[in-house]
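There are structures below to look over.
Both of the next two complexes hold chain A, though its partner changes from chain B to chain C.
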Partner chain A sequence: MTLATRSEDEVTVAPDDVVEDEPRTPRGWWRLALLLVGALVFVFPFYYMIVGSLQKTQNQSLSGALPQPGNLTLHNYSEVNAALDLGRALINSGIFTGGVLLATVIFGVLAGYALAQLHFRGRSLLFVMMLLLLMVPFQLLIIPLYVLIVRNYGLGNSYLGMIAPFAINSTAVFIFRQYFMQLPKELFDAARIDGANELRILTRVALPLVRPALLTAMLLTFIGPWNEYLWPFLITKQQRMEPLAVALANYMNTVQSTVANPFGTILAGAFVLAVPAVVLFLAFQRYFIAPNIGSAVKG
Partner chain B sequence: MAQIVLDRIDKIYPDGTKAVDGLSLDIPDGEFVVLVGPSGCGKTTVLRLIAGLEPISRGTVRIGDLVMNHVAPKDRDIAMVFQNYALYPSMTVRENLAFGLRMRKTPKPEINRRVRDAASILGLEKYLERKPAALSGGQRQRVAMGRAIVREPEVFLMDEPLSNLDAKLRVSMRTSLAEMHERLKVTTVYVTHDQVEAMTLGDRVCVLRDGVLQQVDTPQNLFDRPVNLFVGGFIGSPSMNIITAKLTKDDGGAAVSFAGHRLAIAEDVVQARPEIEAYFGRDVVLGIRPSAFEEASLVDETWARMSVTTHVTESLGSEIHVIFVIDAPPVEHKDVADLAPATEEGEAAAALYKGKSVWTARVDARSEARAGDRIELGVDTRSLYFFDPGSGLAIGNKQAPAPRPARRGTPAAALQGQR
Partner chain C sequence: MKVEAELPPRTRPSVVELEAEPPPSAPEPLVKRLGRVVLGRQPIGLAFGAPYALFIAVLFAYPLGLSVWISFHSYFFTAPGVSVARPFVGFANYRAVLSDPAVRQSLLNILIFLVINVPLTVGLSMLLASALNSLIPFRAFFRACFYVPYVTASVAMVAVWLFMFNSTGVVNAVLGPLAPVPSWLVNQGWAMPSVAVYVTWKQLGFFILLYLAALQNVPKELYEAASMDGASWWHRLWAVTVPGVRTVTTLITLLAIIVGANLFTEPYLLTAGGGPSGKSASPVLLMYQTGIEQNHPDFASALGVLLVLGVLVVVAAQRLLQRHQA
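Moving on to the complex of A and B:
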């Protein structure tokens, strides 16, 4: 059999759309101004954090918002580093956050896939229960969780104890379920006929298609454990186990009066805490795009 | 190689919908069987039941000599082509083709050989490293086909594989499909709603309605000897003209009359179908295919004559479709209603013709018929179809295995239908 390769089969790839600058209308100017104001409102705290962290002596007046050449120093950073070992605290934060992320993604993907694609008795009930769990505030669970994890499991003062309560994130499960449900049913049918088991279908067929969702979920999850204060504070007993957020808070309460510019050192610590989150967002924002699911089906 | 045997299979969805009802079908090894029917008739469901993508409610499915009811799709040695192709978007064409073989732990050199072969059969060599997103619809369709071929399965299942292609490509792919089946001789079950595909591709064609098998036969037999009004109306394009008519017999011989027209029926037609005798003096549903008409001047006097006013003519180059109005209401029968689900357009058209029947006659391109003309048509009375106005069954079709009533709902309603 010969199938004619037809010329109309050739796919021409359209060149990237070139967006030309159009002259702005008055409305355009208004819109730009509004956006600028909004951007300033959001950027200012970051800006002030940096400026404040570099001040030799605290300047709370309005002029302090602008960097003064005579009043600049990196001393605050070494001060906060000496007091709470920034490197160690960052590593703790990293392990805590990384562990939560890993668990969130692994369990989220597995549970999301099962809730979306597998058919088993009680699936809808399970899903509803999971959604109900979302409504319970974490603060309500802290005491039973503490008893369970520290007393029963003996996981006090350990990374595992820090990670455990956040390991399964029902929001992530929900997001993954929705994404897996959007994929065309025939893809899964085809893979099943091709002889792939469910785990293979998940890893080889489904996951590559929801990669943007994976990254979105990871980025959104990242900020939670990275900034989490209450739970690690409860569970850590030694300073060498404290994540940065906890260490910084403790520092504010105890040692800040002993340094020249307490305000500046706190801002320096806050800056160190904020940098990874900002860097991650900037690095991955291009992944916030629509997935290329459409090419699976039709022409 | 494998035969497929479906034995009284039912599919009832959890919401109570009966998608397939007591379907029995034997497909011998190497046969190309087409399942056809209007949308929602359960044809795709049958395919999915054979594939094992959905569990069967009752009955047995055999592929080869094995009962497959509880066998996973991957262990049935089948390959399926989906309407929307279902290519894996994250893999290249080569990986798409190889996926099923890799999952079965086929040795690498063997995989490479089969992928190369399939790619050359389908003309995909140039595109092996591309991803589906960079392929045209026709190419994707070929990859989907290739994914089935490389597996060298016992059975091909195809779910409307050509319906997403443009008309020209569809015709060329249809030919390729026929050639491919001729070459590979693999048992194939093919689902389509397009009766041209069904007639041209199928060794045998199964007509389904509401999950009930109406008739299984060769395309020609389906056309010549439909078991009931539904099959008669569904097969053939343009579709059969039908009307409620009175069958009479007097000194001049047998005749059928409707709306002021009277068609004499040749004696041998009655002799060939003695069951017709029982209907003399009664109403029947008369079916005349557009191809049974011809311009009167072009045929001999054994053809009955009918004088009509042309409403519209459609010239197709090789033939002309003459559309005319018959002064009688359209046949109201369940079989007819099932053919064309009530649509607003349909109702608008019905209103336009004020409850009259619209017929189509296919005449030779030499005909000079123009819209508004009064023309004389010849009717080939040897190819008239007669149906019982109650049951809708063909009269005098010895093959007709009284089909079970196609009724959703209570058993009582089903019983009523049977009477």
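Moving on to the complex of A and C:
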């Protein structure tokens, strides 16, 4: 009661400068409560994944949402490791993702720089093609890509075939272009007059200035192949080539009562799959911010 | 929006621009000057752009063309080395696609998906973004919470949802007698809405970031003026925020349609191959099932081409609308 009147007073005393930004008003508390409920909805499945992966016997009742001291085990992790060969699957995911990152950072930066700062024949065409590629979902091309890569080029079951359709992430190229365009043109002209060649200008002048964009683009590129399911699923026919997402999904479709706690085992695998991406984004979260992402999609 | 304003001057290099350039002080050899006119001022750009151009040509343009070619022929996979006739069949594949009840069902499913996903995504992400766009304690923490599902593999998240939403899962344990029978993911009426809610949940964080970026461009004075006039928080949301972020709202609608045209992992894993009885099948799932599992790549290609056209029409409509509004 007293609390309510107090905040009421605050509002009447200084109505115009606190209203929007003041969490101590009743409105502010509502906002915080809304965010808290939202955060809970978003984070609970992660929490539940960890709890579920540690259960000795499956407990789906409400009490199972809290870790029960008598029902804790790491056995599910060794179970899923035995079934999937986690190490091998992680290496496959790493090669797939690493290949895409490498190609994107080399060829994508070159293309982004050329699109932003160089004047050459065909630049407009390249730009239009990039926009078209950004619009047409990759999934709609799976049939011809399958025909080409698996049937015609015989690249089924190979890392090259897995990487190829993702090799240069166009969203990353777009981000690079946007950031290179924001750099003042005089900077480049000055370097050119000093006799630096374009490759030198790119690596010594332009790249150091857009390092945050580089990280943002790398983060966005990372989650593509690391989380991708459809394409590596189509192209791998042997378990030893499967990235973790595919191996886990196949396991989810086949596991029945072969293990004591099937859900626990699956959740343990899910946890291993989720952790690298989540850790990476939390560690670099200051690069995954609104303006960077915003500039990427506002074309 | 800020970026767009910066685009035009440099995206459209024109012949005029080339000719307008002042002549160099020293006389240049004709070959060099000719090369500059033909290849542009910095021909090295061709070399820089070449790998990406090659990538687009080989892994986008050619497959797109091949898809169209396959869709007009009778095409099936054979053992390696066996060559078979692939006769031109005109629009037969397209007729087959358009008269297939499974395709119609999948398009209806996408419609259900959009009807649930778009308003939910727009409403919730705008609400949460405007709540985040103020001096709130633990802002970075909340932001991270919201986008963590977005960065996590769908396969991993589907595993958790399967655990939570199965017939004896924790969600039904909470709901008790209110839980639907059969349970969510195997219920004819609930399967597609469940997929739509799952995708909304997974992608919301990304859209919150987009709205946050847009909100930072809405002039603060508008809010101050509105609250001076005694407008409530809700009123200000309607009168200032909603029109201020309209571009992003259109963009999100567009992206939702593209995501809808793209769904595969979710119906394949979450509802066990688009079940029950195709009630959550997506067009891409059908493409996989008919094209690769049942060896009718011609049918699947025709479906793919139609979807590409559909997406392009939607994008073009959005562009036109935006130009109209501006």
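Brief remarks follow.
Just so we're on the same page, the second predicted complex is superposed on the first by the 256 of 299 C-alpha atoms of A that agree within 3 Å, B and C clash if a C-alpha of one lies under 4 Å from a C-alpha of the other, contacts with A are read in each partner's own complex, and residues count from 1 in each chain.
By our rule, contacts are C-beta pairs under 8 Å (C-beta built on N, C-alpha and C of every residue); 3 or more make two chains touch, one makes a residue touch a chain.
Given the structure is predicted, the values throughout are model-derived calculations rather than measurements.
By the touch criterion defined above, A:Asp85 reaches neither chain B nor chain C.
Of the two partner chains placed around the shared chain by superposition, chain C is the only one that A:Leu273 touches, whereas chain B remains out of contact. Which of chain B and chain C touches more residues of chain A: that partner is C. In the superposition on chain A, contact is made by A:Pro208 with chain B only, not with chain C. Within the superposed three-chain model, A:Val41 lies in touch with chain C and out of touch with chain B [touch as defined at top]. In the superposition on chain A, contact of A:Pro184 is made with chain B only, not with chain C. On chain A, the surface patch touched by chain B in one complex and by chain C in the other comprises residues 293-295, 297-299. Interface residues of chain A facing chain B in the complex, by the touch rule stated above, are 1-6, 8-11, 13, 184, 186-187, 189-196, 200, 204-205, 208-209, 292-299.
In the complex of the two chains, the chain B residues touching chain A come out as 48, 51, 53, 72-74, 78-80, 82-91, 99-100, 103-104, 121-123, 126, 131-142, 147, 151, 164-165, 169, 172-173, 176, 179-180, 183. On chain C, the positions that touch chain A within their shared complex are 1-4, 6-7, 10-13, 38-46, 48-49, 51-53, 55-56, 59-64, 66-67, 70, 77, 80, 124, 127-128, 131-132, 134-137, 140-149, 151-164, 166, 168-170, 173-174, 201, 204-206, 209-210, 212-214, 216, 220, 223-224, 227-228, 233, 247, 251, 255, 258, 261-262, 264-265, 269, 284, 287-288, 291-292, 297, 300-301, 304, 307-308, 311-312, 315. The touching residues of chain A, when paired with chain C in their complex, are 15-17, 19-23, 27-28, 31-32, 34-35, 38-39, 41-43, 45-46, 48-49, 52, 60-62, 64-65, 106-108, 110-111, 113-116, 118-124, 126-127, 129-130, 132-133, 135-137, 139-148, 151, 164-165, 167-168, 173, 178, 181-182, 197-199, 223, 226-227, 229-230, 234, 245-246, 248-249, 252-253, 263, 266-267, 269-271, 273-274, 277-278, 280-282, 285, 288-291, 293-295, 297-299.
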